[in-house]
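In the two complexes that follow, chain A is the common piece, with chain B as its partner first and chain C second.
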Partner chain A sequence: MYIHQHTCISPQQTNGLIQLEEISISADGKLLAKEPVLEGVPPAMLRRMSKAVRMGIGTGLPLLKNNVADGIIIGTANGGMEDCIIFLNQIVDYEEGLLAPAAFVQSTPNAIAGQLSLITKNRGYNATHVHNGLAFENALLDAQMLISGHSHKSYLVGGVDEISSYNYNIDCLAGWYSKIKTNKHLYTDKTPATIAGEGAAMFIVNGSPVNALAQIKAVSLFHSTDPGTVVGRFKDFIAEWAPVADNTIFLSGENGDLRQTPLYESCEEVFGSAIPVARFKHVTGEYPTASSFALWLACYALKEQNLPPHFYKNEHNLSQVDRIIIYNQYQGMQHSFIFVTQ
Partner chain B sequence: MGRIVVTGIGIITAIGEVLSEHRTALMNGKSGIGKAHFLRSKYIEKQPLGEIKMATAALAEKLNVTNASATRTDLIAFYAVQQAIADACLSEAVLSDAATALVGASTVGGMCLTDEMYADANLPDQSASPYLQSYSNSANTLFLQQQLGIGGIVNTFNTACSSSANAIMYGARLIKNGLAKKVIAGGVDSLSKYTINGFNALMILSDKPCRPFDAGRKGLNLGEGAAFLVLEKEEDAAGKNIYAAVTGYGNSNDAFHASATSADGEGPFLCMQRALEVAGLKPGDIDFINAHGTATENNDETESVAMLRLFEKVPAFASTKSYTGHTLGAAGAVEAVYSILGLQNQEIYPSLNFEEPIASTMQVPVRKYKKTHLRHVMSNSFGFGGNCTSLVFSKI
Partner chain C sequence: MEKDALKQQVKEQIVKFLNLNTVSPADIKDDEPLFGEGLGLDSIDSIELIVMLSREYGINIQDPKEGRKILTSINTMADYIEQHRTK
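Entry: the complex of A and B
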């Protein structure tokens, strides 16, 4: 499966003019996405959209304008959850009184794929995967299966999640986020929590290598809380897909949560010291579909043939980038490997 | 490659806790819709609901689940999944194999705990409830993964009311593409304050038992349930009881409105057409349609329009939502099970509460139980956001 175009909205300057040398600093334990002005959306529609839907439209619509897509496939853990909490609050605050349905209709996670199809009149394949930290990976697998045997078909595939009051408060209570941690010291401040983030990254994919930006060679996903199982699966993945480690970056989802760091480190050790390690959660924060940003960053590294120094975990002498292996995991339970090449 | 077949079924809804109870109720036209006893909502006095006749605590006890964070949604799903796994004789070793996948679906997820979630999301300084990990759409699939130790691909769909039809489609495609050998696919939703208030605000809930495809229909009844199928290749299922083959699936978006279907039923038309294409069938090969048939003003008319467009002669059709209520994210899987039951037993279950056809389309659903010859059955599911999916099941 080949990537032909992409867009990205993130807490950094990744939309339009891309600037990743200087990075925005987190505040109150959050990295908020920088939203562009949305064009081509009716104002009445825009007013009702949550940030997740706006980011999804802001990344998806420009790609759908330039390409005929045979379908729209979105991965989002929380989708329309900001509207969900609005409606939930109305139910409780008004003791199940007479409520307006707008927030209820917008609260379903399939609002992003639905609105994109509505605006562009796309009646093709349409799916929303919501499997938390593996929602985006399942969207990729979905596209890969659709393209297999139908290489001329193109799909919009993307990952979107926002920091909503719903997920943020609940995840803070559960101990996943710290309000005092910053992205400046994310990897050195060793505590059992990380910072919250959000964003959207979308891709046009099909089966044609002609003029492609990158190839997704393999996607693997599984659940485990056992570090031995994770490393075993990683070794199997490397042996099957990426036995050659020349000109390769290991892009790690390390997020500063000391409970999860050993998982990332044990996968790094599979390569010994032979391979440069890059990290990205200090520019995005943590969110369930952060791997969609990692895939976008992999495409960027392949194009630029490097990444700005702050991404690298250690000294490296990389002069050429041909391959990127992404390992990301969510809440110590959901793991994925994505292998991307020129 | 050989066909993809169904070798295990698990289901629980308002009309039964085991498969045979569902068939008995469907054969006898016995609906499970009525006054709810376990849901806490002020609407239980006004709205008839398709509630599972078991308290949440009783479900937990029956399943031997002591985990305090398990929601009603989790438990209902686990109840159905355990039946499906036992039915298909999947061992622990098979479940933990990297080639065994689990594909779930839900629209409500842990939001059945509307009040608890309100407190956790708005009042974070108070003490947290035990449900912090239980609210998401995927929480019930994650719960099942942990209980069963699934080793392969795990996913959750949320395309509103077509969610579990998409889960079954995705499961069949995982096998077709060699990404899994065995797949447990289905969906779950439990009754919740959240959805009752939502559908009430949209004014599409009927205060009487719903009347699919009737001219005087007043809206839908909400229900709850879970259904899961075990799918595998026919050649891997030697010696097993095979219920039916999954031969077709089609997905489309209506691209018309967030909560209504277009007047010409374009989305429903396209997904039915695509399902036939995948199955390699002509419209005339379909012997019965388990319609989406929610009994809302909009759905039943537009679904009828779409059927009239696709089929020269509309096949026999009925809506089992008149038995279970609309089980939302579970509906696609629940109705897949009822389609398969009909195929297996060569019989059609009637739609309830129908009196007079819709004037513009004049389509009459099956009103009496009958034995008949069925080769291919279609099951339709349409949801908010324009998501439409049709599945085709064929006799073995």
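Entry: the complex of A and C
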């Protein structure tokens, strides 16, 4: 499966003019996405959209305007959770009486793919995957299966998630997020928990290598809480798909949570010091579909043939980037490997 | 409640309920159409306004034709609320 175009909205300057040299600093343990002005969206539609939907439209619409897509496939763990809570509170406040429709309509996870379809009149395949920390990877697998049967077809594939106050508070209480951590010292602050993030990244994919930005060679996903299983699966993945380590970056989803760092480090050790390790959660924060940003960053690195220094964990002498291996996990349970090449 | 105060309250509620980020209550004229021209509201907004009338004033609109007349402008809404409110 080949990636032909991509867009990204994140807490950094990744939409329009991309600037990754200097990064925005988190506040109160959160990295909030920078939203662009949305053009081509009717004002009445826009004012009803939750942030997740706006980010999805902001990334998906430019790609659908420039490409003919046979379908829209979105991965989102929570969709517009903020609006979902508004709707649920209304049910309680008004004793299950007369309920306004907008918050409900916008809060369903498939509102993103649905709105993209409505705005662009794209009546093709339309699916939303909601497998929490593996939602985006499942969207990729869906596209891969569709393309394996019809290589001439193109699809918009993306991952989107917003920080909702409700989920954020629950995750803070559960110890996943810290309100005092910052992205400035994310990897050196050796404590549990990480910072929250949000964003959207979308891709036009099809089976044609002509003028492609990158190829997704393999996607592997699984559930496990056993570190030994994770490393074993990683070794198998590398042996099958990426036995050559030349000009390769290992893009790690390390998030500064002391409890999860060993998972990433044990995968790094599979390579020894053979390939450089890059990290990205200090620019995005943690969220269930952060791997979509990782894929976007992999495409960026392949195009630019490097990444700004702050992404690298150690010094390196990489002068050419041909392959990127992404490992990301969510809350110590959901793991994925993605292998991307030129 | 004075009629002008009621109109001001309705304008504030419309801005809040319909999430009109770029409109302030002062921008809404008493006699301008709420739908189509003027404020440019649409059919989903009309449902939101009917819900708003029920929640805030205890007014239940059953007949869609009647609803269309009531929701014509701030003036028509304020007149109807004044006569039919139950809270």
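As a convention for this text, the second predicted complex is superposed on the first by the 342 of 342 C-alpha atoms of A that agree within 3 Å, B and C clash if a C-alpha of one lies under 4 Å from a C-alpha of the other, contacts with A are read in each partner's own complex, and residues count from 1 in each chain.
Just so we're on the same page, contacts are C-beta pairs under 8 Å (C-beta built on N, C-alpha and C of every residue); 3 or more make two chains touch, one makes a residue touch a chain.
Source: prediction; values computed, not measured.
**Q** Touch check for A:Ala44: first (chain B), second (chain C), both, or neither?
**A** It touches chain C, and chain B stays clear.
**Q** Is A:Ile338 touching anything from chain B or chain C once the two structures are fitted on A? First, second, both or neither.
**A** The answer is neither, since A:Ile338 touches no partner chain.
**Q** First (chain B), second (chain C), both or neither: which does A:Ile275 touch?
**A** Neither chain B nor chain C is touched by A:Ile275.
**Q** Go through the superposed model and pick first if A:His131 touches only chain B, second if only chain C, both, or neither.
**A** first
**Q** In the superposed model, which partner reaches more residues of chain A, chain B or chain C?
**A** The partner that reaches more residues of chain A in the superposed model: B.
**Q** Using the superposition on chain A described above, determine whether A:Val53 touches chain B (first), chain C (second), both, or neither.
**A** A:Val53: touches no partner chain.
**Q** Would you check which partner chain A:Leu98 touches, where first means chain B only, second means chain C only, and both and neither mean what they say?
**A** Both: A:Leu98 reaches chain B and chain C.
**Q** Given the touch rule stated above, what does A:Ile73 touch, chain B (first), chain C (second), both, or neither?
**A** After superposing on A, A:Ile73 lies clear of both chain B and chain C.
**Q** Is there a shared patch on chain A that both chain B and chain C touch, and which residues make it up?
**A** 98-101, 105
**Q** Spell out the residues on chain A that touch chain B in their complex, using ranges where they run on.
**A** 71-72, 77-79, 84-85, 87-92, 95-96, 98-101, 104-111, 113-115, 117-118, 120-132, 134-135, 138, 141-142, 144-145, 148, 165-166, 169-174, 221-223, 333
**Q** Quick one: which bits of chain B touch chain A in the complex? Just the residue numbers, please.
**A** Residues of chain B touching chain A: 41-43, 98, 107, 111, 114-115, 117-118, 120-122, 124, 128, 132-133, 135-138, 141-142, 145-146, 150-160, 166, 170, 173-174, 176-177, 179, 193-194, 196-198, 200-202, 251-259, 266-267, 270, 383-387.
**Q** Which chain C residues qualify as touching chain A in the complex?
**A** For this pair, the touching residues of chain C are 17-22, 40-42, 44-45, 47-48, 50-52, 54-55, 60.
**Q** Enumerate the contact residues on chain A facing chain C in the complex.
**A** It is residues 43-44, 47-48, 94, 97-102, 105 of chain A that touch chain C.
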